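Labels for the chains are A, B, C and D, by order of writing; each one numbers its residues from 1.
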Amino acid sequence: MIIILKKQAEEAKINALKKEMEEQGLGIHESEGVNTRILGLVGDTSVVDMRHIMANSIVENVQRIQEPYKKANRKFHPNDTVVDVNGVKIGGGNFQVIAGPCSIETKEQITEVANDVKNSGAGLLRGGAFKPRTSPYSFQGLHGEGLELLLEAKKATGLPVVTEIMDASHLPLFEDVDLIQVGARNMQNFELLKELGKINKPILLKRGLAATIEEWLMSAEYIMAGGNENVILCERGIRTYETAMRNTLDLSAIPMIKKKSHLPVMVDPSHATGIRDMVEPMALAAIAAGADGLMVEVHNDPAKALCDGPQSLTPEQFDTLMKKVNKTREFFQAL
Amino acid sequence: MIIILKKQAEEAKINALKKEMEEQGLGIHESEGVNTRILGLVGDTSVVDMRHIMANSIVENVQRIQEPYKKANRKFHPNDTVVDVNGVKIGGGNFQVIAGPCSIETKEQITEVANDVKNSGAGLLRGGAFKPRTSPYSFQGLHGEGLELLLEAKKATGLPVVTEIMDASHLPLFEDVDLIQVGARNMQNFELLKELGKINKPILLKRGLAATIEEWLMSAEYIMAGGNENVILCERGIRTYETAMRNTLDLSAIPMIKKKSHLPVMVDPSHATGIRDMVEPMALAAIAAGADGLMVEVHNDPAKALCDGPQSLTPEQFDTLMKKVNKTREFFQAL
Amino acid sequence: MIIILKKQAEEAKINALKKEMEEQGLGIHESEGVNTRILGLVGDTSVVDMRHIMANSIVENVQRIQEPYKKANRKFHPNDTVVDVNGVKIGGGNFQVIAGPCSIETKEQITEVANDVKNSGAGLLRGGAFKPRTSPYSFQGLHGEGLELLLEAKKATGLPVVTEIMDASHLPLFEDVDLIQVGARNMQNFELLKELGKINKPILLKRGLAATIEEWLMSAEYIMAGGNENVILCERGIRTYETAMRNTLDLSAIPMIKKKSHLPVMVDPSHATGIRDMVEPMALAAIAAGADGLMVEVHNDPAKALCDGPQSLTPEQFDTLMKKVNKTREFFQAL
Amino acid sequence: MIIILKKQAEEAKINALKKEMEEQGLGIHESEGVNTRILGLVGDTSVVDMRHIMANSIVENVQRIQEPYKKANRKFHPNDTVVDVNGVKIGGGNFQVIAGPCSIETKEQITEVANDVKNSGAGLLRGGAFKPRTSPYSFQGLHGEGLELLLEAKKATGLPVVTEIMDASHLPLFEDVDLIQVGARNMQNFELLKELGKINKPILLKRGLAATIEEWLMSAEYIMAGGNENVILCERGIRTYETAMRNTLDLSAIPMIKKKSHLPVMVDPSHATGIRDMVEPMALAAIAAGADGLMVEVHNDPAKALCDGPQSLTPEQFDTLMKKVNKTREFFQAL
């Protein structure tokens, strides 16, 4: 971290600031130019609050050189993390497809879709029981009852299951869920992240609607700092000025995360685009960009889906997609 | 709501769609052009899920004509809502300034600041006990202990108090809080919003980091649909590509909200800009734009603030601001 | 186009509006609901100015159903356009890589790079002579002299050349250029677009920094409306709030453009990311997403490049990339 | 400027980099930490290309400490610039309102509006003759004929006139124009900026659709570096994800520009919002935020305006606005 001092900074205040930094265990290197005097902080600056230093009246500017995350940082953990979801591995060369409906609606629906996606080669089953909907008048999910149906589908197929949590108080209901999803709107629900840091279950952390890559990794750091290092990231499109698609899928986030972090990164082309036709090209592009897996919405009757029908594939479309996904995976592994 | 059908839509499927809409209590007006056939839905479309219709294979596009919110909509509630916060009124011509530190740190700090801001004319006292911080290594607030200190300052000054809630499970601690704040990162924490809809206490709903005005009003609708109509909106800057300021304060949201909704709108120039010097011009501009109040950070020693020092005013600076705020308010009321 | 009238619209004004629309050759279908009365315009609405109608006092809202572009619209031109750049075809299954340095610097540099990229399989040579630089103090390109060096490299290698035009008055210098590039900052330099519509040379139209897909197609429409239908689009990243990369590469624009338009779409992963390491994954992802070609920066000595060194590949790195690009192309053509 | 070197940087390469910097007239201060070695550049770094240094293989990162603009920088020109537009002063306490129609349509229209806005107190007359329209099928302005009508209105009223230039080749037509406007879409049309740097006429430089404040000042620097220091900035809304308004008016840009630059800043609430009702609150808020002037669209018959009718005020509405503007100006000058 570099502190740029104001030209007219008083010596006494500079000394006080230096002392404050040293008391945090940091070394200091000074550099003086014609117009600027600089303090370089040496040591673990991830615990230093930049804006606290900015508030000092003698400080012109502060710039961070090292990343503010440690546990999620590839510098301190050079090897890829492999997350084990009830026997199914993700990351470090292990690629998985999570598939299923946006919402769990009936026993028949979830079981039928579960069997279909399993037969097509999906490694995990998704299905929403608690649904974050923009409108209070939209279908909000079947809650506990939905989770039960999901667990029946798990029993029937043997697929590990993934579902979204919206509040830490619901955690007891998630005991048999294999991978707990934190949705985009809760990426900075820090109380929820802290609770998830205390459990030992893998977490699928979706990128916030307008979260920077650094903020996303800081949210992973919240979970990891609590002791739970089983975090999988999931890119699902960011909010931009473009309205032709629901969101703008940021595939460059994949190689950028791979540089900065050791955590696996999946991609959700269904939510990112919101348009059925775009799921396949974006899924294949995600593989090309290095994703560790995909999350795809599949519904047995998209026109009747209670949620996100326009982006859901039919089981037949998903089957076609999986054939291409598998070949594409093989191709890029061999490339 | 207008449904634009695909050119080659089959008659049977059109009839099925019409029946589905009619079963929701909606009337239908058809219009047929050379290239397009249109179904206009007549009635309360706020409960219709646009994306559900989009998922129908015969539908080309769907466009909403009426707003998806009802309780927050000025059309159905033409008069300004006035929210009473323990005797202090906000909205409908009642203007208030909420002031205080970002975080509650010590008894001396909060009480001193409380006395200062009261003497300068603030109508409510703010102070954070639960702090949503990007980094798990930053100061997270004093939690329950902080709330106690805030309530002591309330007792000492008589000012109603405002503080942020981060999880519904903390609600019992907020019994004596007068105005509960929902922060930007929790604007779409729907579980929290639902719980706040069940209580009778006023809610200060900050705009999400990248929330549209419509999404923001839909979050207000969540609270109001639950039965709690005491919602105050607070604009605090949105995320844009510009990095010179912390966020981009969207003052045009004020007259836009005034057109669309009857709820009061306050402005937080401190968080929006993140820079002390910019608080005054943005505060005065907010008044000119029609804001119903301001939320301003004040700290007795900003350089030592545990949070957001660079944007905090000293009590002296706040006193100067309040003199200008009062004159500006008077001027615009008379204009 | 749908015109939603205000509830209290006067009959006389409605009739005047209808007459105005009919005089533009449009048919009108009316539909009346409880709260709203709607006029549906039938015919070629691409010439109708929505905001002109919005200005009418009886109009509540106007919504476009058909795209405002005709020549660039796939609806009226279902087959892919193939652009012939001096014998090298792009689009409709023809894939090309444009490669070369950001700026033309010396005869040796451009000729050396030209030979290298040709040997690696590039189909066209790029090199900037007029450089749009944010700072007036940065290297602005060699201008006419640079174009001469580029044309010498063309002669030496036989590769068609691509270079950026910054002002219509420079057109005479571009006579032997094979593909004229319009840069992101000039995508809405309409005077330039109009001039390029009058010539018969292919145009590479880069997407503006913050242009929607519709605006981008409207800029293509400017060129095409003038009579020049040889337009190739080039996605080069858009401006978002994310600062980890230079821009956010929007690969979903490729399948979206393919739905909406028949024009070829290339991708420039070098400018989009600004980071050398990210060029390869984004190039391969672009192919997977359906791009008709790539534009890649190559420099014989990136550390000494006068412009955009951090994103330039060395000729060796480009050679490696091309081997992967070719295999990836083959793979996806067979998929 | 600070250069952060990679940990394993070779001494020989470091020395070569240092020599390169010293040859540009810069001094170097070194600082070495446990993990990082830093070179601080001392001197005029506005001419240094950051990305050129980034391309060096031993460089980890580069951070700018001083602004990249000189002529537009308040540090080197502490007093406010006052621009004299044919006797009408803007900046340094001089406030002006520019008013008139979006497009010049007929002699009657422009003369009538000119008289009206003069009578209401506008200091300058605006009117577009060259119109940058998204669609090639929209009205493009009357060009030379329009400029003649504008100059007649100038003669009739004595008001200095403001109009937009879209291409440097049109400059001869602008000889009697008093203030030449560069529109948002041409803010980075560097060839145009360079030509405007060679003349002696004041330039009104609108902010680009998605331009940062720094880029905007760099575009002013282009004009000033050429020798023309008569630049007035004009904020007109930026592109964000919000679609309720046409653009998001960034009023915080005013105090930020005032910190960074000595140039006057005006605000165009008409284009920013695109909505008539929002012009007044945003105009008054702009004054409160410290703007040096306003640019407001006025049309004698907005419903028939060939361009931007929905945001145009009638002369009566403008007269009401001006009364409030004048009182508001007086109030804030006295505050």
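One rule holds for everything that comes next: a contact is a pair of C-beta atoms (placed from the backbone, for glycine too) under 8 Å apart; a residue touches a chain by one contact, two chains touch by 3 or more.
What you see is a predicted model; the values in this text were computed from it and never measured.
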Chain pair, B-C or B-D, that carries the greater number of C-beta contacts: B-D
Longest centre-to-centre distance from chain A, chain (CA-based): D
Computed distance of Cα centres, chain D from chain C, in Å: 26
Chain centre separation (chain B, chain C; CA means) in Å: 39
Whole-Å separation of chain centres (CA-atom averages), chain B against chain D: 32
Shared interface positions of chain B, touching two or more other chains: 210, 239-241, 243
Touching residues (chain side chain A, partner chain B) in the complex: 46-47, 49, 51-52, 54-57, 68-69, 130, 132-140, 166-169, 185-186, 188-192, 194, 208-210, 215, 218, 221-222, 225-226, 239, 274, 302-303, 305-310, 312
Contact set on chain D toward chain B in their complex: 210, 212-214, 238, 240-245, 248-252, 254-256, 259, 272-273, 277-278, 281-282, 284-290, 324, 327-328, 331-332, 335
Parts of chain C lying in touch with chain B, wherever the complex brings them together: 2, 4, 27, 29-36, 38, 40-43, 61, 63, 65-66, 210, 239-241, 243
